[in-house]
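Order as written gives the chain letters A, B, C and D; numbering starts at 1 within each chain.
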Amino acid sequence: MNTQQSYRLSNRMSHMDNSVIRVGDKAIGGGRLAVIAGPCSVESKEQILELAKNVKECGADFLRGGAFKPRSSPYSFQGMKLEGLELLKQAGKETGLPIVTEIMSADMIGRFVEDVDVIQVGARNMQNFELLKELGKTTKPILLKRGLSATVDELLMSAEYIMSEGNSNVILCERGIRTFETYTRNTLDLSAVLAIKKLSHLPVIVDPSHAAGLWWMVEPLAKAAVAVGADGIMIEVHNDPANAKCDGQQSIKPERFKSLMDVLRKDIS
Amino acid sequence: MNTQQSYRLSNRMSHMDNSVIRVGDKAIGGGRLAVIAGPCSVESKEQILELAKNVKECGADFLRGGAFKPRSSPYSFQGMKLEGLELLKQAGKETGLPIVTEIMSADMIGRFVEDVDVIQVGARNMQNFELLKELGKTTKPILLKRGLSATVDELLMSAEYIMSEGNSNVILCERGIRTFETYTRNTLDLSAVLAIKKLSHLPVIVDPSHAAGLWWMVEPLAKAAVAVGADGIMIEVHNDPANAKCDGQQSIKPERFKSLMDVLRKDIS
Amino acid sequence: MNTQQSYRLSNRMSHMDNSVIRVGDKAIGGGRLAVIAGPCSVESKEQILELAKNVKECGADFLRGGAFKPRSSPYSFQGMKLEGLELLKQAGKETGLPIVTEIMSADMIGRFVEDVDVIQVGARNMQNFELLKELGKTTKPILLKRGLSATVDELLMSAEYIMSEGNSNVILCERGIRTFETYTRNTLDLSAVLAIKKLSHLPVIVDPSHAAGLWWMVEPLAKAAVAVGADGIMIEVHNDPANAKCDGQQSIKPERFKSLMDVLRKDIS
Amino acid sequence: MNTQQSYRLSNRMSHMDNSVIRVGDKAIGGGRLAVIAGPCSVESKEQILELAKNVKECGADFLRGGAFKPRSSPYSFQGMKLEGLELLKQAGKETGLPIVTEIMSADMIGRFVEDVDVIQVGARNMQNFELLKELGKTTKPILLKRGLSATVDELLMSAEYIMSEGNSNVILCERGIRTFETYTRNTLDLSAVLAIKKLSHLPVIVDPSHAAGLWWMVEPLAKAAVAVGADGIMIEVHNDPANAKCDGQQSIKPERFKSLMDVLRKDIS
């Protein structure tokens, strides 16, 4: 079932150098660790603005925040949607941080292209091929997360769906896979980062927050991600995790994020 | 992580009797085994019409056939799309069989509602929540396939996305899950049929073709599905599997389908 | 990683007919469904004798009962050990049923060869190669259970360990594999029965009790096992499941076992 | 299914400080990274002696080498057995490195206690409870590897089997788990290191060679293991991987091991 010969545009053979995806004056890939941080979801104007300032001060490069939230249950909080997007955009503008947020349907692409700096495709939509193809027609950087049980092969083929439509600004993200182990929410697969970098020239980032689902694992797993050569990390930061509207138990507080950044930036420089 | 209390509309507690989904003069649920058969994808007018006649003669209740195909690679055959849908519709009309085919994006819903009798949501889109919500606004029967690594809980919550928008015509489908075993394409999980019937009143069918990925396993697995109480089965039938445009190795020939039907219908009556 | 060419003695190519393993006047393989039934563990003289009579009356061919119990925790009930073995032997003698029980270490082989009719190797010891080799030096029928995450390939290679030492009386057992799904204890993989029968001439039985871990799934899964062509089934029966010393929730009561047997024997004859 | 309350002797609640397992003048746990290195299997006197000198020079603390090899197939090389053990012992003596090697059956314990410094229990025997109990009656350090599909809970319960017999010198080892991903041999689960350290006071090491099964992943994964706080690493080193009798593709050459050690020792000091 090796489809390696089928990668074309994402294949390292077609582009020996590592790709660098530029976003304004920032970049993902190319040597400097890119740090994307922010809350799981935008909850209010104050919350997102305060967190944006916090993570910026600590040295984050990008602000993340969910406006449209894919939840297993329709009865769970679904995000602030367009209002959340607007708040995220304002927080980005005020801090100068480019923003990253998840898209859930193709009909929002126009709005996202206008307002968002990096469009995220979540794990559950990794094989929503129609969405991928439509995103391929834009020139926006796309952050494509690995599906819960997607192989590295399949992740690269999904990247190929975007690239074959003309958009080569694809960033891949390892966020844990589903296994029999229930102690953690998912099992972070750092070998996948190495496999992807062998097979492809695209940059790869790691999301230790979703992988582990436990805030106290985020820092050591982030360091491990750097150790295997990830191009960036994506971290959930919340000022009040106990009352977060989603995923509070995997979010770290700003002060802990600061100490993580101090360690990571020191290791690199 | 038990979200059982969160099922509302799909929950057996809210509807003690088994639901029966009616499609014209056919039904899924309610005691008689529903058989959906046809090729993986529509390939030509002759092919789909011949197969439609074949499966009808053998006693199939529904005609299946892919027009829009979700393939891991963008370079694989993607289906005949609208042309395929048209041919499928004609074959359905000529044989009187209601048709079942997969939808891949919300912008096709209008067309599908008009032309299709049962709209299938594939495994890869089981958590494409925006698509589910849009389908929930129609009254069409929806055949919702279990995701590759979705728990029974998550499958029911996805049904809930459709039902909470107003459409309670949901049929669930077990089609194998992803495990470490590589001999079969997926691992058919027949316990899931039992679990779903315990938790929910919705009908459940089984797709042994996709589960095993091996044509010679289809017949015994179909019989096993009936043994655990599945409300229906979905079988890939092709007149020339060796040259099928997709999934040939999991398709059975019409003569074998006939003998399977003879066995199944005898067991039941 | 296909090691199919490495099967020698278990390979169907080396022995086109199905093997039949004879145990006294009983047999496993060869067309008639073999039924092994009894409690998870021997708990007292009265318990095992009563159950032995019960299952015999219902038509079971073999009496099972654990004397040495492999438990995840050393603080859980470990079985009545030699005393349990003695009680099981007496119950077998009194009812005329051959007995099946699990061995946990090579130093017990002498005793088991003398007292036991079919020696079971549990899932956790499927790759305890030293034990397999020692069992290969006897002529006793060995019931080899599939490991929790063993592939069909690996199961057959473990059979090969026994057979290459000279003992070809090997019966294989599918008992569920470990997956991400937590509703059931394991995921019963009935495709494995089909795969094994394709690759090998050895008989295969199914243990729906351990697979599902839920008593109410045992009957339908047993029927499904018969539907795919299993040579036998292994069923946990207990007269007082609520107070069983282990695995009570997956044990059925004698009256339910009787009705299962009525159905199974009717289907076959 | 949380059995956390069942850990007794391995439980951090019973022993708040990290345990340090002493082996001669070496230690595992306690801050300094322990490095265990050597070939998958002992192949000849020259091979093991040369490799022992090599890894010692590079700064390894322990010499590993398989004498008894658990192989999926009985027709694969099974190790040099007692002869291999003798050669490993001599190589250990000549270099002053304590030796680590795998035991496969309880009847070898006497010999292992005499000749071996750390007795390894392999993944396939993690739930060979009789072997664990017998090892619990010695005072030898036991290196217990996580089973292919064992949860962290189960690994700790297996440690408990050893400890409850009186031997608290247990070192745990994460060596990758079995998942659906086939690019790597197993999926290294570094979160497990964090989970174990939270739940238990026992030291944990990581085996990146077996986890990935690919030599070029060993170095970055070893660094990641250090980043999450592993107490040691276990590395397969071979002077001629292309001709190794087993696992050649996951073994690194001595020169690469040297550069890995330079990096690791620098990071720590």
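We take it that contacts are C-beta pairs under 8 Å (C-beta built on N, C-alpha and C of every residue); 3 or more make two chains touch, one makes a residue touch a chain.
Quick caveat: nothing in here was measured; it's all calculated off a predicted structure.
Of all chains in the assembly, those touching subunit A and also subunit B are C, D. Because subunit C and subunit D share one sequence, their contact can be compared position by position; here over half of the interface residue numbers appear on both sides. Per-chain CA centroids place subunit A at a distance of 48 Å from subunit C. In terms of their C-alpha centroids, the spacing between subunit C and subunit D amounts to 33 Å.
The geometric centre of subunit A is 35 Å away from that of subunit D, both derived from CA atoms.
For subunit B, the set of residues touching two or more other chains reads 149, 153, 178-180, 182.
Subunit B contributes residues 1, 149, 151-153, 177, 179-184, 187-192, 194-195, 198, 211-212, 216-217, 220-221, 223-229 to its touches with subunit C in the complex. The part of subunit B that touches subunit D in the complex is made up of residues 149, 178-180, 182. By the touch rule above, subunit D contacts subunit C in their complex via residues 1, 3, 6, 8, 70-75, 104-107, 124-125, 127-131, 133, 147-149, 153-154, 157-158, 160-161, 164, 178.
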